[in-house]
Structures are given as structure tokens and as C-alpha cells.
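The next part holds the structures, each set out as C-alpha cells.
In what follows, subunit A forms one complex with subunit B and a second complex with subunit C.
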Partner chain A sequence: MAYPAKLRVWRGDTTSGELQDFEVEANEGEVVLDLIHRLQATQTPDLAVRWNCKAGKCGSCSAEVNGRPRLLCMTRMSIFDEDEVITVTPMRTFPVIRDLVTDVSYNYEKAREIPSFTPPEGLEPGEYRMQQVDVERSQEFRKCIECFLCQDTCHVIRDHEENKQSFAGPRYLMRVAELEMHPLDVADRVGDAQDVHGLGYCNITKCCTEVCPEGIHITDNALIPMKERVADRRYDPIVWLGNKIFKRDGA
Partner chain B sequence: MASPAGTSPTDSPAPVRANTAPRTRRTDRWWLPPLLTTLGLATFVIYATVRSFMRTDYWAAEHHYLTPFYSPCLSDSCVAGSSHFGTPIGELPVFIPLAFLSLPFLLGFRLTCYYYRKAYYRSIWMAPPACAVGEPHERYTGETRLPLILQNVHRYFFYVALVITLINTYDAILAFGGENGFGIGLGNVVLLLNVVLLWCYTLSCHSCRHVTGGRLKHFSRNPVRYRLWTQVSKLNTRHMEFAWLTLGTLVLTDLYVWLVSSGAIADLRFIN
Partner chain C sequence: MTEVERHNYDVVVIGAGGAGLRAVIEARQRGLSVAVVCKSLFGKAHTVMAEGGCAASMGNANSHDNWQVHFRDTMRGGKFLNNWRMAELHAKEAPDRVWELETYGALFDRTADGRISQRNFGGHTYPRLAHVGDRTGLELIRTMQQKIVSLQQEDFTSYGDYEAKLKVFAECTVTELVKEDGRIAGAFGYWRESGRFVLFETPAVVLATGGIGKSFKVTSNSWEYTGDGHALALRAGAGLINMEFVQFHPTGMVWPPSVKGILVTEGVRGDGGVLKNAEGERFMFRYIPDVFKGQYADSEEEADRWYTDQEGNRRTPDLLPRDEVARAINTEVKEGRGSQHGGMFLDIASRLPTEEIRKRLPSMYHQFRELADVDITAEPMEVGPTCHYVMGGIEVDPDTAASAVPGLFAAGECSGGMHGSNRLGGNSLSDLLVFGRRAGLGAAEYVESLDARPSVSDADVTAAAKHALAPFGGPDDGGSEENPYTLHTELQQTMNELVGIIRKADEIEKAIDKLAEIRARIGRVTVEGNRQYNPGWHLAVDLRNMLLVSECVARAALRRTESRGGHTRDDFPQLDAQWRNRLLVCAATGDQPVPAVDVEVKEQLPMRGDLLELFELSELEKYYTEDELAGHPERTA
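Up next, the complex of A and B:
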């Protein structure tokens, strides 16, 4: 059954902006992105919104709906009351470009700070052999669609712009964990996780896990295991002594 | 305003964000979970503090029920029968709890627990109070410096908590033999339930998960530890539930022993 939905959309650019109210037809089974597209088609042809797959797999349409970081294409209209005002704003953590589109280049910079996969010396592509049981832990992290909702919701940078210098955010700390847990990666990533990527800033409040549209257990499976590995290296004299005595590098 | 959007945030002194005026635009009752968490934690802390210093009604002599808040009781100040490991320590002044050897470590274990950290960082320190709700602090350094960097000692509290849970288990087993020999009462069920959940909470700890196998890079070379890690990981997904359940069962166990010991209620006996 169609009904006129009440949308409040942030419109503006780098100089100024405001929330504007619209009434847009909503039909059964639609998602917020459908209404944004209908708004664009019928009332605001110059409304900027980034989108692509409409299937929750490309990670393009990240925004905030009623203050919660979400994919517009995965937010069903049926979760709202028909007379509820639905506020759609761009991701707060990143600089706005226009309307609902933000500049997420911070994330690409942080990605470039992480050394890529480093196989053992002499092992050429095509010669990689590993057990499934050894790679499945890091395979969970490869489900990431890089929507950056976890980065957007993380209070370390959401509320503190100054921390962007020293904190890579949950998405890229998860990338560090993915490589650190990879059975063939030989790079030393534990020290960098703390010193370069700012793992110590994370206070494991799990908002990244809550907003992840892929359901990746970022905190429990990536961030906390990395914190424990840092503790092995920096804060656990018994592990340190054991490594020295048995001349091991972490099994 | 600041530099144009698209400029690198690490180069830019103040990137232009959209619409940052309100603390949050969330329209749900985001304040409810932190409020309930604060009330829950405060209730436990007040109850546990009062009971730890009371020094009365912690040992039901007839059925040999000992409350976990007084275990191990190693002082001459402990009532007769409650010291399962003797009394190597003399009289203790009233301002020192009789279980002073276990309580600080249990407190440390829970304070540095990854779940409780989330709980109190959100609800008490409000960093952040809820997801996508602005925190009130001007600066934030997380766990990068003192005192919060000390959270990294969690594993040591875990090791001690293992020993204390063993002691609690021993107490619960001894409680099957009261003054009249072997018997089972409701108190035994309560003590046993508490101990089972304490094991679940302790073994589901993230440090336990790391120690058993999480730190390995090659599970295939360590099949036994991989198996252990798998089991601990299953428990670990319920760590939050166990954290709250054990707060409840600790209070319930203590309250039951208190009521039986003071004569307010009689223990419901099933056998003997």
C-alpha cells in the first residue's frame, strides 16, 4: 500500500547546508534508497547520492538514517512508522562533498599505510600452500565491502578529528589483523598495529561490529585478538621470556 | 570555513563535515542501555561491598554453605568451619575483607574484562554513551597511556581467576557434606549453578581464547590447541551473557547463604 513518507534530507556542500523536508511516495517492500531515487526523479534532480549495486554488496550508499550509520539500500521502509519523519544525513566522520556524498579518501590513505601481504622469501606466487583451517579466520575479514560505516561510527575519529592522524580505524586495524593471522605472511605487524595504526585508541565499545552490514565480528575476532598479540609483545613478561628461551617467534 | 572537501584529512587542519550541530540524530531510546548497565553495575558493587565488610552470616554451619564473597577464608577472624584451607593468617582488622586475597583479583578480572570495559566505557565514562552519539570529552586517548594502558594486564587477572574458580568449586563440593553427612539441598543447587556459570564466564574470557590458541598463526600445526580454541570461541560468543549471569548468581548465592545462615529461611532439603 503506497503512502506519502516524510523525508528530511541534508542538502548542502562544503560551504553550507541544511535539512530539507520532503514528502515522497513509499510502496511496500521499498528501501530508503528507493525513496531517495524517487525524490531525485521527481523533486530534486540535482540531489547527490552515491550508490551502485542496490544489493548491500558495493558499500557505496553509506549514510545515516535517523542518526544511525546504515546502507541506504539495506534499510527497509517497513522498519519505520508511516507518519515517522525519516532523517537522512551524510556520514558525519568524513568531509562532505555535496548532499549525501562524502569524501572518504581518509580511508584510502590509511589503507596505503599498511604494508601489503609479505610471503616468505623465495616463495613465488603459485607456490603458496596453506591449510584451510589456517586461512579461514582471516577469510571472515575479507567479506568487508568497504562501506566505511565502521569508520563512520567509531567515536575515536567521529568525535575527535585530531585522532585521524594516528588512528587507522576499525576497518584497517581489521586489515592488519587479517594479514597478521595469514599463515604465509611474515611481516612483523604487531608493533605497527600499536605504534602506527593506533590500536591503543580502540576502547572496544563494539560500535563497529554493530553497524557492519556484513556481520563481521570486527571487535571480537580482529581488534581484541590484535590487542592480545600486542599484550604478548609489550606487556607480558612471561610470554616474552618464553619466546626468548624457546627461540620462537609466535608459533 | 576550512579547506575544501577532498583535501587529505591528514593534511587538512579542519575538514568540512556536514551538519555536525546536534550530539546525535538518533530517535530511538539510545540512553536506555547505558542507564540499565549503570544501574546493574552499581547495584552489584554496592551489594558486594556491603556484604564483603559485614563479616556475618557468610557460613551456614549446618550445611557447610560458604558464600563466594568470603572464599577463601584464611584468617583467624573467620568463623569456625569456614576456612577450608586453614587459617595461616592471623586476625584481620575490620576494614579488611576476610576474602582480601581473592576479592581484589576478582575485581581486577572484571574491571579489565573486554566486555565490562565496553559496558563501563559506554555507560559510565560515556566514550561513547551509544553508537553514533557524541561523547562529552574534548580529548580522547583511549588505552594508549596510563592508567588505561594497564588494561593490558587482563590475562594475569585471568590466571588468578582460574585458581579462585577452582577454590569456589572446591567449596561447592564440600557443601555436599554437612554436619549430618552427605546431603543435597537447594543451597547445593545454588552453589553449583554459581560455580558452573563462573567457569563459563572465566573460560569464555578473550584472554583465555588467546592463550588457548588465538595467538597461533598455524592452527594446523597445533590441532589440540585449535580444538581448545574452537570450544573457547563458542563460549566466548556468550561472554556478555555470562558476565551478567554471574553477577546475578553471585548475589543470589550470597543472599541464599546469608538467609540460611541467619535463620531467616530454612534450607530446602532434597536428600538428608
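Up next, the complex of A and C:
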């Protein structure tokens, strides 16, 4: 039943900020986002938070709850003790705009650097034929709601601003894998995965997989197979020899 | 003068959901420079919430399907109030629009022979919905988002700048359309992040802002659905039609309270799920209305056979159009056969193997497990009606999506006419694609036809800025301060209780009185803090739009003295043929920030003969007046 929950929320902007303590009513079945909304309606009308669907489908309300990257709308209050202080902070990997809202433009920039889907020439709309078993591999990655929690947790960029330039992050390395595994795509992104998008930085600690609210096996099904493709291309002696002889570029 | 960031574009699209993105793609491919402005981050629009699928008569699952069958289903679903030309274009063009998405990289679920799989849905004669599990909307948004990225990549190659010709203005709210000599000249708004003002100088605006669900307490809609496009169009001088028709989706979550209203896809029923009351009865068999008699199974055995043999059996009444199912649930609950939390039971657990449920309905499995502690593979879901969609919207020309205001176009949920009095599930995603494209094309052709571009006056910009900042200035009449959250809650409560799924004259009148009271208080809404990412201020601005569209809904609902589709009058429970062809047009009068609403009756053009002949006379007789059918070939023959 209803009880006063203890919330500690980071409030501030680009210049400064601090954790502030609040007591907010919590009711049966509620999620952390409900309490943030109640805070807005009753105590802090200008508390900034992003949200949209409140059903775990849009990936807007990403933040960190007790230090763990989570969707606020899918974090139920019932997982905490009633007297526990629940700390809500903005995603650490991205610059703060205000309160729980961060500047996630890094992600949109990375998205633009990956060559788009490229169908075979001459294949007309309506003529596409693919088997379910073949589309399922990429479909798993297309479940991604772009909450950017995997980007937030990835240690390559979490505390290493300097790596952002050369590392696309798990979400966009997975996008490369998705296109590479598309049954009809004809472009080649294997070389770029390593050279442009920084696949080599990933040392498969699976942190991204752990925080994914969609349960996508980012590491096992996207990143490792991409690493294997790079390895096959670069370190297979016969391919290496072939490349030397035929001077194939980009591999 | 007010400090304003200025941009110049050929076309500005407001809203980045399915319709907006498709309009952007079309206008850009015609060579124009395009801005897309959205209140959320790019890729978060409400379209991502669409679950079941996108209706298109590709005939992959049943070769008997074609555009004529789809057209007929759509008209029946809308109880023949639909703009028939829109329904025709929609049915004819939907397959091309879906196939086109595959060329952008979409990956729909497949049939055994490798084509796009199609699923059953309410009101559709054949399996017709292209889908990706139960996350079809996400696939549409992502696909078009990625297509836009690919267009930007082409621009990068040509101009060295991704944003040379196509730019996304995310987290930016448009508060005003600016005109010169009656034509669109620009759009004014603010950046949500900084609160700074922005002006788009443009001869053409495409509204694709979605719906109005946030005016209701129990809704499947996100916060963005505040009727912005509806209100902007009204204030710019365009008319809204069909605003009394609001769709309550029969299956929203009912428990726990914090998730009340969140959608449970119709795909659950399409894939075999059935509705039961607290007594375990499959009650829908008792609710087949006269107009659909003969088209639906009247026994459980036939209904169950239909899933595997559609030629020899009639479909289950669990898949009647949404308005029928929502009313049935409402009645069952009212008569005391509801679940513990005031809903009905939706059972898929006893109908499909666990693995199959998790494969076909992964989001539903996840949603119930995470938010309600319910395992849908083992227990039934508790469901009840939730405000889901507004059939009403901006009146547009079917072919070009142009509104009555030169330079103003509209597509998707914020436009009206296509779905008549009730939308079929799956017809929204196809609507977005078909009319999003047409709006982009219509806007492009309009811009190309102009000799000179209208300009924005400084006075209009100053007025728009003043209007946007009003909530920081305190009460306009010296009265006591109002909290926007409180006022919003009162508005939602009013609409939900008094102009909700079942309506009565005295209740609607009460709602109109309450709305008048809210109107008197809205000028006193006062917000704290500064302009930087301030949700209290954002709500105060959106609240005016919600109030304006709520007035349209209430006033039109009071005028229509019959029950049809998404408008049910307890005091006029029957379909009235005299009302079938009559539209209620809402217009704004006066120039106050929230103008008054005027409602007028307007007759629709009669349906073209070749389309009318697609229906049996006996079916038309259920909807049309005797006079209207006098010239029907079967009568004159």
C-alpha cells in the first residue's frame, strides 16, 4: 500500500548540480517514473526528465537508479525496500543538460556514419524474398529502442570522453552487424567496423547486454560475430595472400 | 525585438512519427529543403507504440485479398461515414507503401515462401497486417528514421554537410503558425532544452502531430498527444471534422493503477486470444450488432475453426471492430461480470503453446511480466477500454492533403475523414504511409507552384513570443495562481468521465461547463523556474491545445444525436441514417489565445458509383436513407 518513499535525485545543469533528498508517496505497482512525475506535480514542477510511452517501448526515460543504467518506466518500486533511499541520476556517459536530461547527440552522429541499407541493383519493391530464419538475426537487433543504456554503461566511453571520436558504441556496432546480416544487403562494412567504428575497443565484457531492457544479446549475437568477420578477413592467411595479390582495398 | 533563431526551408514538417517522416522523405526526394520539428528526441514518436501491424491487401496470406475488399472493410469499420476517396486511395496505395519500406531496409516477418507475412485483425476480412512480432510501429519509425539518415548521407556526399537540405529539430515545440495574406508564411516555436525561440520561415507546413489522447485520464497515448496540430490548424483558420469520434481501444491494461491504459495489442486476439468475463463466458457472441449479423461466427466451435479455415467459417466476434468490443466490455463490467480490477479477461495462455506466445507477442509478454507480475503464457490478462485514437482531425483534400489554409497540409492521426466514425486496427500505420507521402508531395507541388514566398512580420513574431511566455508572468486577471498539473488533471477527469466511451446530453453539458471554468482559469496558470528544460512551462503551453480540442470533442458530441463508431450516446443508442452523411465541422472564432469553438453541419459528397457498387444493396440499406439509395443500379434496374 501507499508509503512515503525516499528519493535522492540529481538536480542541476551544465554548470553545477547536487543530489537532493525528497519524500514522495509511492503506491502499489508503481515505477520510479511515477514517483518522478509525482515530484513534478507536487514539489518540483520544473524537474527535467525525458519520457514518452511509459511502457518500455520508446527508450526515452533512461537514467541511472542506484548507479545502474535503467529505464525509469520499467523500474518497479517493489524491487526496493520501503525504507531504502533510491538514488536517481542522469546517464553518466553523456553531458548533462538539466537534472535527469542529458545530451545524447553523440548517438545520432554515430548513426550517420554507418552506410545505410543497400539493396541489390534491379530488385524492385514487392520482389523482396527472404526466409524468416534469415531475417530473425537482424530482427533481434532491430528490437533496439535506442535508449542508449548500452552506450551509457560501456566502459570504453563511460569515463573516456577521448574515445568517443573513434568508437561508435555497442548500439551502433550492433547496427553494423544488423546490416551485415540483412539477407539482401550488398554493402561491405566489415573493414569499417574495425577502422571507423572502433570494434577493436570492445573487449566483450558484456556490460551492454546486461543493461539492455530489450534483452538483446548484443555481445554474443552482434559484436562477437562482427569480430569474427573482421578476424576472418584480416587474419586468414589465404584471404591475406589473396588481398596482397589482387590488391583489394579496405580489408 | 524578440530574440529569435531563424531558419529558412521549403517545407516544414511538424511531427516525426510515421506520417511526418514519410512526408519528409517525399518532399526531400522531390529536391526541396525540409525541416522536421518534433517535441521528443528523433525516433521516439508515438508510432513506436503501434504493435499489431500495417494493413495492406498484398494478398500474401490469402490470395483473395485485394484493394476492394480492404476498401469495403474500412468503410464498414467507419460505419460509412468515412471520406470514401481517402479510403479508396488508402486501400489502393497501401501495398506499394509497405513494399517501399523493404527498399529502405525494413524486415517484416515472412511467409513460408519468403514474402511479407500478414496477420488477422479486427474488422479485416483476410489476414492483412504486415508485422514484426508485436513491435511493428517501432520497425516503421526506425526504417524511416534510417531512410532519412541515408538521404542525409547523400546530401553529405553532394554538399559536405549532412544537414544541408534536411534537418531534424528535435525537442522543439511549435506554438504558432504564422500567415501572410491568408497563406502560411512560417512556424514559431521554442527549443525545449533552452527555452529559446525559433522561427521557421517557410511557405508550406505539414502537420503530422498525432492525436489528442492526453485530454483523457485513461489513455494509451504518450505525453506528446496534446492535439497540437489540431489546435494549430484551428487557430490558423482550418476546420476540424469528426471530432466527436474518439476510439477507445477495448484492451488496455487495467492493473496496477500506474499502467492503467497502456495498450494490449489486438494482435493477441488476431493470434487466437479470446475475451472472457468473470464467469468464464466468451461473451462476445452476445454482442454481434445487427449491421454485422451473418459476417461473424455465432458459436465457439465455428470461431475456433476460423483461425485455420477461413473459407468455410466465419470470423470470431472477438475480432469485431474496436468500438463494438469496447462497448461490450463496458457493458459486461457495468452488469457485474467484471474482473477484480474492473476489466475483462483476455486469455491467450490456454489457446497457444508457451513458446508460440513468446515468439508472436514478445512485447506483451515482457510488458505484463515487468509491469504487472503476470505471465501471459500461464494466466489471462486483465483488460479494459483505453482512449487510443481520434478519428477526427483537420479536414483535408484527399489527394493532396491540403487543408483550407493555403500552404497548410496535414496527414496521419491529426487529419480527419479517412477512418469515418471508427478506425480499424492496422489502418493507422498504412494511413501514415499513404497520406504522409501524399502530404509531402502536396506540399512540394504547392511550393513549386509559388511565384513569390510570403514573409513573416515582426509583429507576429513578437505576439507569438508573448503568448508563449505568458505562464511566467503570473495570472492575467490578478486572480490566484493556477498549477498546470492540477488543471491538466481536472481536464482529463472531465473528459474521461463526461465525454468518454458512453455519453449523455446532460453529462456532456456538464463537461462543457467545466471546460468553460478551466478556460477561465487557464490564463492564471503560472509556472516556476526558468525557460531551460522546464516541464511545467511545457505543460502550460500544451494545456491550451488540450482545452481547445476537448471543446471540439464535447461540442460535436453534444450535436450528434445518434450512436455511431467511436461516439456512443446513451440517450440516442441507435445508428441514424439521417446522420450518416453529415459531418460536424469545428471552426475557431475570435482571436483570443484559446479561441471559442463553433460547430456546423456539412454534407459529404455522395460516394462515386463504381465504389458504391462494391457493396450489396442489402448491406447499404443498413446504413443509407431510402432517398440516398433511390438511384442505386439494383433499384433502378
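Here are a few things to note about the model shown:
Note that in this section the second predicted complex is superposed on the first by the 237 of 251 C-alpha atoms of A that agree within 3 Å, B and C clash if a C-alpha of one lies under 4 Å from a C-alpha of the other, contacts with A are read in each partner's own complex, and residues count from 1 in each chain.
As a convention for this text, a contact is a pair of C-beta atoms (placed from the backbone, for glycine too) under 8 Å apart; a residue touches a chain by one contact, two chains touch by 3 or more.
Given the structure is predicted, the values throughout are model-derived calculations rather than measurements.
After superposition onto subunit A, the modelled positions of subunit B and subunit C are compatible, with room for both. In the superposed pair of complexes, A:125 makes contact with subunit C only, with no contact to subunit B.
Look at A:206: by the touch rule set out above, it reaches subunit B but stays clear of subunit C. In the overlay built on the shared chain, the residue A:97 is in contact with subunit B and with subunit C. On the chain A superposition, the C-alpha centres give an angle at subunit A of 140° between subunit B and subunit C, rounded to a multiple of 10. When both complexes are overlaid on chain A, the residue A:160 reaches subunit B alone and has no touch with subunit C. Contact with subunit B, but none with subunit C, is seen for A:87 once the two complexes are overlaid on the shared chain. Of the two partner chains, subunit C is the only one that A:27 touches; subunit B does not reach it.
The overlay of the two complexes leaves subunit B and subunit C separated by a minimum Cα distance of 9 Å.
The contact surfaces that subunit B and subunit C form on subunit A in the two complexes overlap at residues 13, 97, 131, 182. For subunit B in complex with subunit A, the touching residues are 1, 4-10, 12, 14-20, 24-28, 114, 117-118, 121-122, 127-128, 131-135, 137, 139-145, 148-149, 152-155, 206-207, 209-210, 214-222, 226, 236-237. Across the complex, subunit C meets subunit A through its residues 40-44, 46, 48-49, 95-96, 99-100, 102-105, 107-110, 113-115, 117, 132-133, 135, 138-139, 142, 146-147, 149-150, 152-153, 156, 162, 193, 222-224, 255-259, 262-263, 362-363, 366-367, 370-372, 483-486, 489, 527-530, 532-537.
Note for the complex: subunit A touches subunit C at residues 13, 27-31, 34, 40-41, 45-60, 74, 76, 97-99, 101, 104, 108, 111-112, 115-117, 119, 125-126, 128-132, 135, 138-139, 142-146, 179, 182, 185, 215.
Within the complex formed with subunit B, the residues of subunit A that make contact are 10, 12-15, 17-19, 64, 66-69, 84, 87, 89-90, 92-97, 102-103, 105-106, 109, 131, 133-134, 137, 153, 155-156, 158-161, 163-165, 181-183, 198, 200-207, 210-211, 220, 224-225, 227-232, 234-236, 250-251.
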